[in-house]
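Before anything else, here is the set of structures, which you'll find just below.
Here come two complexes built around subunit A, the first alongside subunit B, the second alongside subunit C.
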Partner chain A sequence: MSNLKSYYLVGRNTWDETVSYRLNFMVWRLRVVLQLLTTYFLWFTILPSGKYFAGYNQSMMLTYILGTAILSAFILSTRTSSVAEDITQGTLSNYLIRPLNYFWYYFSRDLGDKAMNIVFSIGEISVIVLFFHPPFYIQTNIIYLVVFFISLIFAIVLNFFFNMILSFIGFWSNEVWAPRFIFYILLTFFAGGLFPLDILPRPLFIFFQLLPFPYLLYTPMKLYLGTLNINQSFLSLLIGGLWTIGTWIIAKHIWRKGLKLYGAEGK
Partner chain B sequence: MVQRENSFRKYIIIWWRFTLEATQIAFASRFGAIIFIIGKLLRFVFLFFFVLLLFSKTSSIAGYSLKQMIFIFLTFNIIDTIPQFLWRDVYRFRGQIVNGYFDHTLLKPMSPLFKSLFGGSDIFDLFILILLCIALYFGFQYAGTIYIQNIILYILLIINACLISLAFHIFVLCLGILTTEVDNAIMLYRDLTQMGKFPIDIYKQPLRGILTFVIPVGIMMTFPAKALMGLVSIQGVIISFLIGGVLVLISLRIWRYSLKHYTSASS
Partner chain C sequence: MKKYFIIYRHLVYLSFSSLLAYRINFFNGIFASILWSSFGLLSTFLLTSRSPQVFGWTRNELLVLASVYNIFFGLFYLFFSRNFAELTRIIHFGQLDGYLLRPIDSQFSLTCWYQGLYQIARIIIGTIFLVYILSLMHIHITVLHVLSFVLFLIFGIIILYSVWFMVLTTTIWFTNLSNLVDFMYSVNLVTKYPQEMYKGFSQYLFIAIFPLTLAIVIPVKQLIEKIILGDIASLMITAILLFIVSRKFWQYALRFYTSASG
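Entry: the complex of A and B
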């Protein structure tokens, strides 16, 4: 119980940390809004009212784009990039001697960060809705909502372990930023934030579904919209769940291997 | 006159030395260098693929054909890459203010503005720039007849776009001096200009007006390609050059103001 409280405090500290650099955070959020506006208006222009694009009408597409924007604020925000710094600068030692689980510590930090991002994200989307009156579909089917929430949890955990694995590169190399740069580029296109992946040619789409990226944004959003049938929904959950467990096992394995190599250089 | 020529030569030699040193640092980790170049290429290829994907399902976007869109996209990438290549040190400037290194810059017998802008050109972007110019050359061949006056105007408007970009880079430097809080200012500039990767015509008013005249992303990114296609009026061209000139003058004034208010608080 006291452990749980410690992690809650870690999350709350992250929230407070963000508030202390509020101008910086607001500029960051403004950047997110600009990126969203670019994608939103592109699709708004391509898809005038009454026209279809690869099976999507304007309402469905704009709901998808705005929805993934909210989801990405929640799912993709992370503080785990500093894990690599902890390793390469030797400050990891400070955490290893404390009575806490390093994974849970960073997961709590991530949750604090996500809480702040989601609050701002809802505010921003509300302003966009107020100004541009985009159509927004509210899902009321309880089954779709349940599978959506499960996929959301999978996506958060999957993103966390993915980022931890990327940071663990620090055990072997100081070059930790370059692989993360590639990861973000892949994420931008393959997670489904720019466009729904099912507009891709069929073989490419099937191939992408085998990768972990669609389970971060595309699948949760499609589950929310209820455009997948029950079988497809459960299959998506199953693959997403397997990727989540897979990355968890890989992250734990790399962590153990990395700790054996860790020499606390820099301290 | 002779003195000015000597001074110009001196700065060219200094820039060359800075660039050589920055290149040596960039290639200190060959793994990182290769990953960065691959990442930048992937980002371009994915976005290009996205444009092709859009045109596989629609014949025009905001009235632009595929050919025109490719020109706009290539031009955007060139204008986006030149400042990244030349003025990469701006990305590191805030750090130099915080750790006191800027005091050291002020003591050097050269312009601190020159050092802060040209202190480390990014060789990775030069590779990308060369590839983009080759792609543009093939684009010209594919486009059919293009008038020589349009090509001259195109080149002049690209230079003007670089001047506008220079002004924004100087604004970011000033912000670094006047306030040390904002980490994301240069990335905010990048996101603003990213709104020009598609024709500015896709945005609704008043956003389009703001992006054309207040934050002249349209003038920077869309006007050159439109001029090449003969789609810009003479008034539009004159306004573009006026805005470019005025912004550079204002940025230089603010730079002088910022230097006067530099407190050297960190050292």
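Entry: the complex of A and C
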């Protein structure tokens, strides 16, 4: 129980940390809104009312874009970039001697960050809905909502372990920026944040379904929209679940290997 | 002026030496640049795969825009973006004094010190794809074409440089704005699409971002032979005005610099 309280306080501190510099925080939120609006304008202009693009009409596409914007805030936000700094600067030692699990510590930080992101993203998108009146589909089918919720949990955990694995590169190299940036580029395109992946040519789309990236944004959004049948939904959950377990195992393995090399020298 | 050329030559040499010292970083940067520019082109390809025209532009014209976008931002990130990121850090930690005391112009010193040489990969990919698309469009490229394209590109970069510089100068008053550089990277996205996308949506929004919409679109219009005199005048006048204003704003802002770290 006391451990749970500790992790709750870690999450709460992360929230407080983020909003402590209010102007800086507002600039960051403005950036998020600007990116969203650019993508929104793009699809609004490409897909006028009544037209179709790869099976999507304007309403479906804009719901997808706004929906993935909310999901991005929740799923992709992370504090795990600090893990690499902890390793390369030697401050990891402070955490190793504390009576807390390093993974759970950073997961708590992530949850604090996600809580803040989701609150403000919902607010921002509400303002956009108020001004521009985009069509937004509200799912009411319980089954789709349940599978959506499960896929959301998988996506959050999958993203967490992905980022931890990237940060553990710090055990072997001081230069972690470049692999993280490459991961960010791959994520931007392959997670389905910019466009639904099923507009890609079919062979490419089937190939991407085997990669973990679509299970971060595209699959949860499609499950929410209810555009996958029951078999496809459960297959998506199964593959997403397998990727989540797989990255957990890899992260644990790399962590153990990395700790053997860790010398706490610092930069 | 000669002094600045000599200094800049030395700075490029130092950047190159630094690259050779951190080779993995260099190759990672090249790989990231290749990925980023390839995906940019792929997105445009996808968006135009089911529609012959988007925003009144044909597919090939949008691919030209995407290629020029890569060249444009390859150049901007090569010469300036790292310096702008450093600028906010220098001001925040009260280190600007050292730069102000140098016997060279402070704006040059702060915005031209470092070069991101791995961006050359992005410029090369953009150029290769541009030449390919222009050949598909049967557009005959002459020396005059190339020279005027380069000139308009330079004016476009001046617009973006001036906007970035003016916005980041505000960190003299608001030293904790570490997210401002990331915000400006998002602003860069605005230049990726034709003016028609914003015009069609909101006239007010279009007016607000008008200078940025000129930066890449005018050089592209010159290449695809759709440019008019009004476009050239708009680009040049906007670039010159914005540069003068950004410089005046910087000199004004320096009066408020207190040299205390944030």
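Following the convention adopted for this analysis, the second predicted complex is superposed on the first by the 266 of 267 C-alpha atoms of A that agree within 3 Å, B and C clash if a C-alpha of one lies under 4 Å from a C-alpha of the other, contacts with A are read in each partner's own complex, and residues count from 1 in each chain.
Just so we're on the same page, contacts are C-beta pairs under 8 Å (C-beta built on N, C-alpha and C of every residue); 3 or more make two chains touch, one makes a residue touch a chain.
Values in this document were obtained by computation on a predicted structure and should not be read as measured data.
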Subunit A as common anchor, with subunit B and subunit C clashing or fitting: clash
Who does A:227 touch here: subunit B (first), subunit C (second), both, or neither? neither
So, does A:209 touch the first partner subunit B, the second partner subunit C, both, or neither? neither
After the superposition on A, what does A:57 contact: first (subunit B), second (subunit C), both or neither? neither
Tell me the contact category for A:31 with respect to subunit B and subunit C: first, second, both or neither. both
Quick one: classify A:178 as touching subunit B (first), subunit C (second), both or neither. both
Overlap of subunit B and subunit C contacts on subunit A, residues 21, 23-24, 27-28, 30-31, 34-35, 38, 41-42, 44-46, 53-54, 173, 175, 177-179, 181-182, 185-186, 188-189, 194-195, 199-200
Sites on subunit C touched by subunit A in the complex: 22, 24-25, 28-29, 31-32, 35-36, 39, 42-43, 46-47, 50-51, 54-55, 174, 176-180, 182-183, 185-187, 189-190, 192-193, 196-198, 200-201
Taking the touch rule as given, give the residues of subunit B at its contact with subunit A in the complex, in rising order. 29, 31-32, 35-36, 38-39, 42-43, 46, 50, 53-54, 57-58, 61-62, 179, 181-185, 187-188, 191-192, 194-195, 197-198, 201-204, 207
For the complex, give me every residue of subunit A touching subunit B. 21, 23-24, 27-28, 30-31, 34-35, 37-38, 41-42, 44-46, 53-54, 132, 173-175, 177-179, 181-182, 185-186, 188-189, 194-195, 199-200
List of subunit A residues in touch with subunit C within their complex: 21, 23-25, 27-28, 30-31, 34-35, 38, 41-42, 44-46, 53-54, 173, 175, 177-179, 181-182, 185-186, 188-189, 194-195, 199-200
